[in-house]
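Next up: some structures, all given as structure tokens.
Next come two complexes, and both contain chain A; in the first it sits with chain B, in the second with chain C.
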Partner chain A sequence: MSNTIGDFILGSGGIFTISVVIILFVIGVATFMFRRTLLHMLMGVELMLNAVNLNLIYFARLHQNLEGQMLSLMIFVVAACEVAVGIAIIVNLYKRTGTIGVETYSEERG
Partner chain B sequence: MENSLILIIVLLPLAGALLNGIVAAANAYRKKEIWGEKISGILAFSTVALSFILSMYAVFVKMAGAEAIACTPYQWMTAGGLNVNITFMIDHLSAVMLLVVTGVSAVIHFYSIGYIHGDKSSVRYFTYLNLFVFAMLLLILGDSMPVMFVGWEGVGLCSYLLIGFWYKEDEKAAAGKKAFIVNRIGDFGFLLGMFLIFANVGSLAIADVNEYFHQHNSMTFFWTNVAAICLFIGATGKSAQIPLYVWLPDAMAGPTPVSALIHAATMVTAGVYMVCRFHGVYLAAPVAMQVVLWVGGLTALFSATIALYQNDIKKVLAYSTVSQLGFMFMAAGAGAFVIAIFHLMTHAFFKACLFLGSGSVIHAMGGEQDIRYMGGLKKFMPATFLTFTLATLAIAGFPPFAGFFSKDEILWNVFASGHGNKIVWLIGMVAALCTAFYMFRLVYLTFFGSFRGSRQQEHHLHESPKTMTVPLMILAALSVVGGWIGIPKLLSFGAIPNYFHDYLEPTLSKYGHVHIDHYSHATEYALMALSVAIAFAGWLLARMLFRELKYRLPDPATYTGISRLLWNKYFIDEIYMKFIVNPIKYLSTNIFLNIADKKIIDGAANGSASGWKWVAVLLSFFQSGNIQAYGFYMLFGATIAFIFALFLF
Partner chain C sequence: MNEIFFDPNFMMGEISLVALIVILTIIEAFRRPIFVLLNTPSNSTGLDRRNKQASWFAGIGLIIVAVIFYVFGKATAGEHIILLNNSLTAGGGMYIGKLALIGAAILAVLMSARYTLTQSIPAMDYYLLLLFSLLGAVTLIAAENFLIIFLALEMMSIPIYALVGLKKFSTRAGESAIKYLLLGGFSSGFLLLGISFLYGTTGSLIVKDVIQSLNFIVFDASAFLSAIGLIFVFIGLAFKVSLVPFHAWTPDVYEGAGTPITAFMSVAVKLAAFAVILKIFASIDTFGEFDSVFSLIFMFFSLLTVIYGNSVALVQQNVKRMLAYSSIAHAGYMGLALAPMHHKIHTVQAVLFYGIGYIAMNMLAFGVLVYLTRKEKYCETLNDLKGIARKYPGAAAMMAIAMFSLAGLPPAVGFVGKVQIFIQLLEGHMYITAVIALLFSLVALYFYINVIVVMYMREPETEITNIDKHSVGPVWISLSLAALFVLVLGILPSPLLKWALKWAEMLF
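Here is the complex of A and B:
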């Protein structure tokens, strides 16, 4: 079963996987850049990370070594941490100002 | 290490200086004395005295029969073809210098213990004094030009520190600064000479340099002479010759033992020593030899005439020193290097004695240095009087005192040598006459007649303590007998060998002999008689004028004509001020400070600062505070990087 899906993916010359990766990544970028709430932007970041993960895993499979997979495991861990910290910050910001609209937070203007 | 004895000789004074220096610093820091003048003085004296004893051992026992001994404790630098070792070498020339320097230094250190008594910063004084001896030994024993140069600069530094020893008085601090700056000008010449020699010889070891100029000189006649003259410019700075002599009279602001040690006996003779050390170079450069001869002769006469009218006891001696150094250069310029060193040695004895004697007088007078207010000191300070007179007889050239032999030999060589010159000889004779005159003027005004100072000073008059009179006696004895090791064959009819000549001649004629024109013995005797007659003439003239001073010496302000010119030292200081110092000051303030520094350099610094400020204002537009804009920049940058990676690599 898994072999069939794997064969399909590899057999397609990577077009399928790479397309999925690119679509995911672009969705992530678009989410980050155009959604106006911090929560959505965080989700966009996660999408981008997952696109990268998928990419790594695909190429690890293609080249028949495990380093890519190991790296993607690391990215999972980092992403989890990032989400935890990010959401904590967002919750606190919400408690302070009552909004998580990104345009509210522009104190860093030079 | 072979001959590590030499290393000990050099390092002993340094050890004394370090120890005293640390204590001086600690004393100042803790505001109470760890040890005072007594211990530091004894320490300083004993290191130098030990150095002297070891030097004697090294010269007379270890070196007996040998031409030279050397010791290389350290390889200083190796770069390409350049290889400089720190090598200390004692050959016959440096042996003489070594003994004179350590010996006279030891005596003067001892004298200093009495002289500096009661001064609050005596520990600092002894630190400098010891450091000076160390630097001087580097200069003398260094076997290569850089090591010699380190010593050369070191003695300059110590001279500066000691002239400005009482730095709280502006005038003395300024004198120190003047000495330093004038010396720097000379040092620049020395450096240029060194570079020029290195560029052609490819080695800086003194023996190599002399050998090169003697054997395979591939430099053109012009550049050979330029190199030798550059070195001589260094010598004019250190040894106070025209045109750089102006610092020496001002240097008398320092403590008197310093004047005796540094500005009479040792440091100022470094230039003469250097010329003799590089005699191979000078023998290859006849024009430079002529320059040395003429500068020496003119300086001798010039400063001797100035000394005729000075009223400050130390100033007279200072100009006398300049004049005597001129004599030494005359000898060197005539190719009589042995005689130059001989006069250097005898001069070290009698001039140190004179300076220490004047220190004793000043001590008794409570700081008064003007001979118009002295007089009749003979009966108050018999020991000082006796030694001072003996040294005066020596410098005036009375036989059989030390100065007679050396000065007479100089004049004879200038007269007869192939490099010599009858006109310079005449100049030297006149200078010798002036020397005898001003020295006896000094003696008569100081020690004879009746006391012309205040009642209070008269009450205070006393003979100096033993620590001061014993060195005086030693030096006076040396001024008497010091010349006897170099009695010319002609005078002793070959009965007594000319030890000094025989000792130095092999070392100093390695690179060729100087031709001496042939004259009959009668001529030689006649010249000798003439120089004695001149000494007597100077003495009698001074005796006639100043023996019993019945009149008040005129106020210098009323001088006119030639006496005004001489009293004002030919207005040389004023001329230098007007034509050199002030233009440089003008150039410095108006061009280098106000335009180059304030406008160009500050302008560039401030301009770039405000320029970047405006750039920052423009760039801050991008820092909008909008996180999503930042995301966009990032994406943009990443895309650019991606494109670069894809298409350019």
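Here is the complex of A and C:
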């Protein structure tokens, strides 16, 4: 069972989809780590979540059930909530300090 | 264990918690117009009065919810069922964990009654967010399904991001909030990637099915993907409990957030996230040839956490920051118990006992800081605590109890918890690990005892100003409740151990 699924996942179409997912995810992680403004970091997180969505939808199609698609719908909702709270905090910080650069907010150390 | 689609008796506690949230929202929606109609002043006295009312509503409501949880939990304790198409477990010993989380929320509300007054924070928004977070935590420990685990984890975390940033006038609070939110989102990205790989190899989101169909004996592409998935799930959850090297957010967030919020999130999030880690990882019967690998992973991260947390806490001047590093170290002790992977049910019992005891002692430590907070000045550094024992002997005594318990000295619950963890390590034949962990808990003695020394034996640099007299009563109630739990559970731990065992049986 596990062998056939393994072959199927990494078979003809699977290897392509998983590569795209991993590339998107790594771009998200890199955006989060190397872009130096808060909004870009938030976008990096969104890109990571969307890479996962793609993965889930592919696997849901592979297994012919709907659980993966359900989870990806839930991820949309939760990501929207997170962005709502995040943007509110960023706007508040921008009003108080006049910048959203990360360097401003790294004063607390060790 | 049998499956029922829905039975309200098993869900009554959660239903009443949702009802409380709805009622408080409606009250808040209609209260402001009524205040305007009755021509109440909208200045700071008006806010103070509204905050006091909000604290009463939230406190009494939560106590009623706790009673409902207890009554229905006790009535359904004989059965263990799975509700809503494999979404949630209910019955059995689960109500102990839920009561512990609600206890943490009640203590936090009692402290917040003072904190919101001294800091002029709109209290009802604050309590609603706290209750949403509590609902998430209560759902999280009952989750049976990766979808529910993800949803409940976010339901627990997102209100806390907002709570940390609720002090709009403080840049430091906003900075902590955005750090927590970004790193929280980053970690849930990893958690979800892990979940998607597990779903891909097994075709199911139900934790039990996933665990059963994991087959590590044959190493093929599918086993490889599942192993990566499990490791990513572990990384995502390790962020929440702040194991090193995923701890970077902890000190900044704990320092910047309001003290009662720090207290709540340090205990409730940790206990709930550990319950999920145990549910996923302790119920895996065999990793085949990878059994020792996962054992090594747990041991490596936890030991690193114990060493790092205790060493960095040594040099902290800020008490909140010191408690943050101490909370990292305590997460390490809880994680250490996972390393042996033998006598699983007793291992889980030890971790859950430690988590529940940690609620009482950490709430006590942060409660004293809330008690000593003044309007214009936070009580946070060791300098602020110098010589406090002469003016406020009661608060100093409470802090001393908390420090003894956190350090793991005998008449307190922290001692029993640590002994349980070390027994598990010795039974798993991990002698070197046990010795290193023991050495570092001796190192930890220094900075815990240092707080007591500073309070009792140093002269204050400037004269200690009087603390505000706002709502001192609720803080004293919460302090004495927490101290009572610390001492009683430390002297008579067997009832809690029995309950933790009952809860541990639920997780398999």
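In the analysis below, the second predicted complex is superposed on the first by the 95 of 110 C-alpha atoms of A that agree within 3 Å, B and C clash if a C-alpha of one lies under 4 Å from a C-alpha of the other, contacts with A are read in each partner's own complex, and residues count from 1 in each chain.
Definition applied: a contact is a pair of C-beta atoms (placed from the backbone, for glycine too) under 8 Å apart; a residue touches a chain by one contact, two chains touch by 3 or more.
These figures come from a predicted structure and were not determined experimentally.
> Counting residues of chain A touched by each partner, does chain B or chain C come out ahead?
C
> Pick one for A:F32: touches chain B only (first), chain C only (second), both, or neither.
Both: A:F32 reaches chain B and chain C.
> Taking the superposition as given, does A:E103 touch the first partner, chain B, the second, chain C, both, or neither?
first
> Check the residue A:V20 against both partner chains and state whether it touches chain B (first), chain C (second), both, or neither.
Neither: A:V20 stays clear of chain B and chain C.
> Please indicate which partner A:M41 is in contact with in the superposed arrangement: first for chain B, second for chain C, both, or neither.
both
> After overlaying the two complexes on chain A, where does the chain B footprint on chain A coincide with the chain C footprint?
29, 32, 41, 105, 107-108, 110
> Which bits of chain C are touching chain A when the two form their complex?
146-147, 150-151, 154, 158, 161-162, 165, 168, 171-172, 174-175, 177-179, 181-182, 184-186, 188-189, 192-193, 195-197, 199-201, 203-205, 213, 215, 218, 220-223, 225, 251-252, 255-256, 312
> Using the touch definition up top, name the residues of chain A that touch chain B in the complex.
Residues 29, 32-34, 41, 102-103, 105-110 of chain A touch chain B in their complex.
> Spell out the part of chain B that touches chain A in their complex, as residue ranges.
620-628, 631-632, 635
> How about chain A: which of its residues touch chain C in the complex?
Residues 1-3, 5-7, 9-10, 25, 28-29, 32, 38, 41-42, 44-45, 48-49, 51-52, 55-56, 58-59, 62-63, 65, 67-68, 70-71, 74-75, 78, 81-82, 85-86, 88-90, 92-93, 96-97, 105, 107-108, 110 of chain A touch chain C in their complex.
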